[in-house]
Amino acid sequence: MPDVSHTFQLRVRYSETDQMGTFYNSRALEWFECGRTELFRSRGLPYTEIERRGVCLPLVEAHVEYLGRARYDDLLEITASASMSGKARVRCDVSIRHAETGAAVARGYTIHAFTNPEGKPIRPPAWLTGAIVPNGSHS
Amino acid sequence: MPDVSHTFQLRVRYSETDQMGTFYNSRALEWFECGRTELFRSRGLPYTEIERRGVCLPLVEAHVEYLGRARYDDLLEITASASMSGKARVRCDVSIRHAETGAAVARGYTIHAFTNPEGKPIRPPAWLTGAIVPNGSHS
Amino acid sequence: MPDVSHTFQLRVRYSETDQMGTFYNSRALEWFECGRTELFRSRGLPYTEIERRGVCLPLVEAHVEYLGRARYDDLLEITASASMSGKARVRCDVSIRHAETGAAVARGYTIHAFTNPEGKPIRPPAWLTGAIVPNGSHS
Amino acid sequence: MPDVSHTFQLRVRYSETDQMGTFYNSRALEWFECGRTELFRSRGLPYTEIERRGVCLPLVEAHVEYLGRARYDDLLEITASASMSGKARVRCDVSIRHAETGAAVARGYTIHAFTNPEGKPIRPPAWLTGAIVPNGSHS
């Protein structure tokens, strides 16, 4: 994973559990989104600002490895980083751990295209890649 | 409840359960939405068509009574009907039961304003109320 | 609303928006849950501890008034309080506002029964009501 | 993909859209779950029956490729199949298309462990693999 990552914490909501007693699998992708949101904000370029400038980052691929349980109200630590994936896509790696023990919960990545609001692919703007992928790191 | 209702069935998804083993409470509002969607379609006016004509029906109020458990994969029967609530709002009543036993799961209603896509209130269009509220029934 | 309330903040997630551009209606009930969770924790009795002692608080009723829009990444302020509703139920009132402007987003309440893990109604334990309903306030 | 697959249809819910106007990315994993549920039922072994016999199939890995847009109320066709992944895991491949045009929406897979209700790994029971992985096909 690239070396410039951002970490923040969230708690598992009751609505995110399922009858197995742990978090429902698709929540990992929602937490990945929270990781990206806070990563972009920490870079000084909130995702709201990216969309305001007419750029969307829809997912083209997602991958999750489920490594451990997390229950309602558990405090989790989300670490996210970004790198270019080829010349036209950005990849966000995310790792989720228990905040207190460091025990792994899930890790994975999402790969995003650059499009306009109508979904047409566009060339990655320099103001965007310069902000969220420091040093032009590639995965 | 007005007399022209529409009924259809859906199954509880695993993603809709929580660690208590039954459906998570907010799912009821999502099932109410499914009820409205199928009600409007049965009236010959799908909600997609309503939005295509520039009308949105955002919620201004929602009420749910939780009457019984429903578990993963249970087959539920959703019955919905619509009526005017005053001159500027439409009310959708929804009842959810177990398809096989008829045992009650939840019931309630949502109240909707009429707005344009920017959220500005508009006068209820006759083509819309005429279709979804037969006989101009009031609640 | 009773006078001992608890306030905390959360941000609207992208996953909580819908194609109308604001939050999807059922998210309000999920945010109400977050409000209860933080309220109970502030009382020194986390909901995890309540369930650990064999008590569940399933919803019997929920009511939401939608008062204003909230968009992706908006910072919201959730204020929750609890009171007894009759002798056998607890009521949680929740109010959601924009953190920066104070503009109202939604308000409402949930009413909860006291049950054992199998869903059988039980008498409200004094250790629980004493903690979450200070002064035995009634709504 | 193995040759014994099962197909069924569902409609995109409003709650599954996001402000980009298409389905929110994590919904794909929820639709994959619907695919598995209907696949297992078509094999004569509903997932409820699997859990009733004390076996859980938690995810250890998930992968999604996003191939096209799907909007509110679009009718989708979900095709799922299962195969063994090594000796201790089952893999479910899922493909999602527009029912009318056949245009691809998403495809991917989930990989599942076999555990008891407490989450302890168990040997895959023959009654289970025999039912859901016909011909013992491997991926």
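Order as written gives the chain letters A, B, C and D; numbering starts at 1 within each chain.
By definition in this document, a residue touches a chain if its C-beta (ideal position, glycine included) is under 8 Å from a C-beta of that chain, and two chains touch if they have at least 3 such contacts.
It should be emphasised that the depicted structure is a prediction, and the values quoted were computed from it without experimental measurement.
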According to the touch definition, list the chains common to the neighbour sets of chain A and chain D. B, C
If you tally contacting C-beta pairs, which pair wins, A-C or B-C? B-C
Degree value of the rotation bringing chain A onto chain B, based on Cα positions, nearest 5: 180
Same-residue or different-residue interface between chain C and chain D, half as cut-off: same
Relative to chain D, which chain's C-alpha centre is the most remote? C
In whole angstrom, what separates the CA-based centres of chain C and chain D? 34
Could you please state the distance in Å, as a whole number, between where the Cα atoms of chain A are centred and where those of chain C are centred? 28
Between the Cα centroids of chain B and chain C the separation in whole angstrom comes to 23
Would you mind listing the residues of chain A that make contact with two or more other chains? 14-15, 26, 30, 33, 71-72
Considering the complex alone, what residue numbers of chain A touch chain C? 11, 13-15, 30, 33-34, 37, 46-48, 71-73
For a test of understanding, state which residues of chain D touch chain A in their complex under the given definition. 20, 22, 25-30, 33, 56, 58-66, 69, 110, 119
Under the definition above, what is the set of chain C residues touching chain D in their complex? 14-15, 17-19, 21, 24, 26, 71-72
